[in-house]
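What follows is a short report on a single structure.
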Amino acid sequence: MRTEATGPAPEMPEKHYLNATYGIRSWLLTTDHKRIALLYLASVTFFFFIGGFFAMMIRLHLLTPNGYLLTPDLYNRMFTMHGVTMVFFFLIPSIPAILGNFLIPLMVGAKDLAFPKINLLSWYIYVVGGLFTLWSMVNGGLDTGWTFYTPFSTLYSNSAVAPAVVGVFITGFSSILTGLNFLVTVHTMRAPGMTWFRLPLFVWAHYATSIVMILGTPVIAITLGLAAMERVFGLGFFNPAMGGDPILFQHLFWFYSHPAVYIMILPAMGVISELIPTFARKRLFGYHFVAAASLAIAVIGFVVWTHHMFLTGQSTYAAVAFSFLTFIVAIPSAIKTFNWTATLFGGSISFDTPMLYAFGFLGLFMIGGLTGLFLGALGVDINIHDTYFVVAHFHYIMVGGAVMGYLGGLHFWWPKITGRMYPEWLARIAAFILFIGFNFTFFPQFILGIMGMPRRYHTYPPEFQIYNVMSTAGASILAIGYLLPMVYLTWAAFYGKVAGDNPWPATGLEWKTQSPPLTENFEVTPVVTWEAYDFHNRPDLGLDVPAGKGSPGVVAPAHGDD
Amino acid sequence: MHRTGALYGQFKTLEQQKDTATLGMWIFLVTEVMFFGGIMLAYTINRHTYFHAFAMGSNTLSLGLGGFNTVVLLASSFTMAMAVWSAQTSKKGLITLFLSLTIFLGFVFFGVKYVEYAQKFHHHLVPGKTFDIFYCVRNPAKCSDIDAADMAKEKEEIEAAVQADPDLNAHAQLYYSAYFGMTGLHALHMVIGAGLLFWLLKESVAGRFNAEWNNPVDIVGLYWHFVDIVWIYLFPLLYLIDRHK
Amino acid sequence: MSEHEHTEHIVSPGMYLAIITTLLILTGLTVGAAFVNLGRFNIAVALLIATVKATLVVLIFMHAKYAPERTKLVIIAGIFWLALLLFMTLSDYASRVDYRGVRYPMTQIISHTLGNRG
């Protein structure tokens, strides 16, 4: 509910990417990055609700100490399939493949990604991988935990490990292709005047994410490939009976999977970097630092992985070194958090729904990140490893951080994607419900972890019940919080108020074209003459931002204000 | 995106398009490096830990066949480079010739690899339930393709290796896991490369490539050379462990 | 932005011939070296020769020598990340001691070749 538009109410443009062509073929064979983003939106949402269903089963089962809902065997399958679905089929593709796909060409002023056909291919690969995994879930399920640890997964598990692993393996390639496409696009497809340091931080964040995707994902691919071969043909690298080493599997797995947590959070950080300047109407504080922090996270994120293996037989010396490196990786995240907070200072802040999500993100990510430091401390981790403390830690980041960022971004760009506004008050209420439900669900889990409740057990002593009841109650609230946006965003896509080109207004190039955009994005290739988030020197936005609030001067600085 | 001649709609110039595609291929090759990196790591650790078994396994490979294939693959890289040169200088007949030669050499490689694999199946050296490093020395009649002198030498080596590593069979199986894993992945890449080469051949016969437009030849060339580089490492790592006994 | 203004460099067939000849000679050399007992240097020599060969292929056959800086950066990043994967993992294996104080087999081999009985 920002500026009440003066002048006539905006109208839907006559021609845009949604009505350019019709029919199911025009969608399934499209190479338009915006339509592919919507294909991803549909499929990723589908997996989100499947994963959500598994989560509800877990929480309902844990309502009572002895859990009557599921057999122990089924319980193992539920948490495994929850993790696999949410990590590989929801969180990793969510922001990059939906918002990144839609926005990166628009933000850099290009007509499309560098390789549109490969972009479509990546979606098909994702779908095929997803179908494989779904198939394994209904034909035997999966009970290894999302981490597929050997030798359990390769030798002992009685579930459908091979097809599930093959499914995740296949999906990995969709992630590689997305990352490759983004990297090349940012390098070679920028519009005239769009220099590296005029790129929105959303693009920087995705650039860093893509680095992780292309360097990490191949390693998990070969690892899962070897594990599958070991299960099927008896290869032996991870089989202690043959002289193999199960810890090697963990090394290879976490070499990807720790950086992969940054695949999940970096794009969300990119979203937040767009939301905060827009709703504080101020240039982001320390633009260059935030951009560099994204790259630093991508690089340092690769050298901390054995903090997941402190309690295995890995070398103590290595554990000490990796514990130290884990502390280092928190620094760039902290830099970002401080810069976002500093941006708020002296800004003219408004509390539209996307900004509520941004605030939610700030608080929850901070808790998640700091508890990560507890876990990264070697001595502390020995006590709380594999307890609910770890579960709470990563949910604070992955749900409190990544999903909040995702929903914030979805609301923020929904007018651009669909041309229509969502109902603001309903959306604010949903954001509150989510925030409250989230904390009710996961905060008690920190306490449970400290009390010593291990993760992945289907039963617990009665004294833990009160916290588990709280957690299950919170999860129910959370479920409502997720259903609401799903319903009203869909409604708004068809019946919402027409949004106009730039309803917030925001500074990115994506807002300089019509909503929804043309298939070619821009009628003429834009020429960029302004710095990112420079509200003070953008008369075209029709804002009356007094100079001096975050701007070093009235005249556009050549290189930002840091 | 619609396409005007060779130029796809998302690009402004052919040069931008070529630049983009080349960068894309290089980045893809980096993902390939990491892909092979995982199995290299498994190889390295096990080679150090079970050196005797790995040396034993390596000595059961045929140096002649491996060396021959190395030469074949290097030569195919050369013909591929020449195909790129022919395209850059618009020598249309030569493009077709060099592409055909590259494909031919690729198939020679497959042929030799087939012979090697078949031998390993025959000698019970494929990881799995039937794996038996002692199979040939215990059933010399079943391995008549190994001549008597070699057989005697192998017997001697195996006896020495068992002395050094009592669990030789299991650990030799790890060697063969690495062997089949690495060469299998490499061969898979060659198959994909051969498919791409056939496509190039078709286009070149249709006269598509010239000095202005030769991007596909260039890019497939990058891929083919990469596959060659993998083999450049695989050859010493798999065939040449401890040959000096 | 105008990173794409390099003119295409055409490598001559003579150069390609020289490279392939070198590659073949190096192949012979690496086979020959394998038959000489150099102790723990055998693997070092083999890897060194392979790396020289790979470098020639990358620089000349793949034209990296004439490519823009950006391509070189991509190549270096690839090598660097591979090194991270290999060496950081090996740092665990090379310093592993189990709860009985027994060192991991690989550690024994390394200390054995280095001549200390630790």
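Should a chain be cited, it is by its letter among A, B and C, assigned in written order, with residues numbered from 1 in that chain.
Heads up, the rule we're going with is that a residue touches a chain if its C-beta (ideal position, glycine included) is under 8 Å from a C-beta of that chain, and two chains touch if they have at least 3 such contacts.
The model shown is predicted, which means the values in this text are computed figures rather than measured ones.
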Category of the chain touch graph - line, ring, star, complete, other: complete
More contacts between chains, A-B or A-C: A-B
Euclidean distance of C-alpha centroids - chain B vs chain C, Å: 17
Averaged-CA centre spacing for the pair chain B and chain A, given as whole angstrom: 38
Multi-partner residues of chain B (at least 2 other chains): 16, 19, 23, 27, 30, 33-34, 37-38, 41, 45, 49-50
In chain A, residues with contacts to at least two other chains: 187-188, 215, 219, 248, 251-252
Multi-partner residues of chain C (at least 2 other chains): 3-4, 70, 77, 81, 85, 89, 93, 104
Residues on chain C engaged by chain A in the complex (per definition of touch): 1, 3-4, 70, 77, 81, 84-85, 88-89, 91-99, 104
Chain B residues touching chain A - in the complex, by the definition given at the top: 1, 8-10, 12, 16, 19-20, 23-24, 27-28, 30-39, 41-42, 45-46, 49-50, 127-129, 167, 170-171, 173-174, 177-178, 181
Interfacial residue positions of chain A with respect to chain C in the complex: 187-188, 190, 192, 194-195, 215, 219, 247-248, 251-252, 255, 302-303, 306, 313-318, 321
Complex contact set, residues of chain B against chain C: 15-16, 18-19, 22-23, 26-27, 29-30, 33-34, 37-38, 40-41, 44-45, 48-51, 63, 67, 70-71, 74-75, 77-78, 80-82, 85, 88-89, 221-222, 225-226, 228-229, 232-233, 235-237, 240-244
List of chain C residues in touch with chain B within their complex: 3-4, 8, 10-13, 16-17, 19-20, 23-24, 27, 30-31, 34-37, 42-43, 46-47, 49-50, 53-54, 57-58, 60-62, 67, 70-71, 74-75, 77-79, 81-82, 85-86, 89-90, 93, 104-106, 109-110
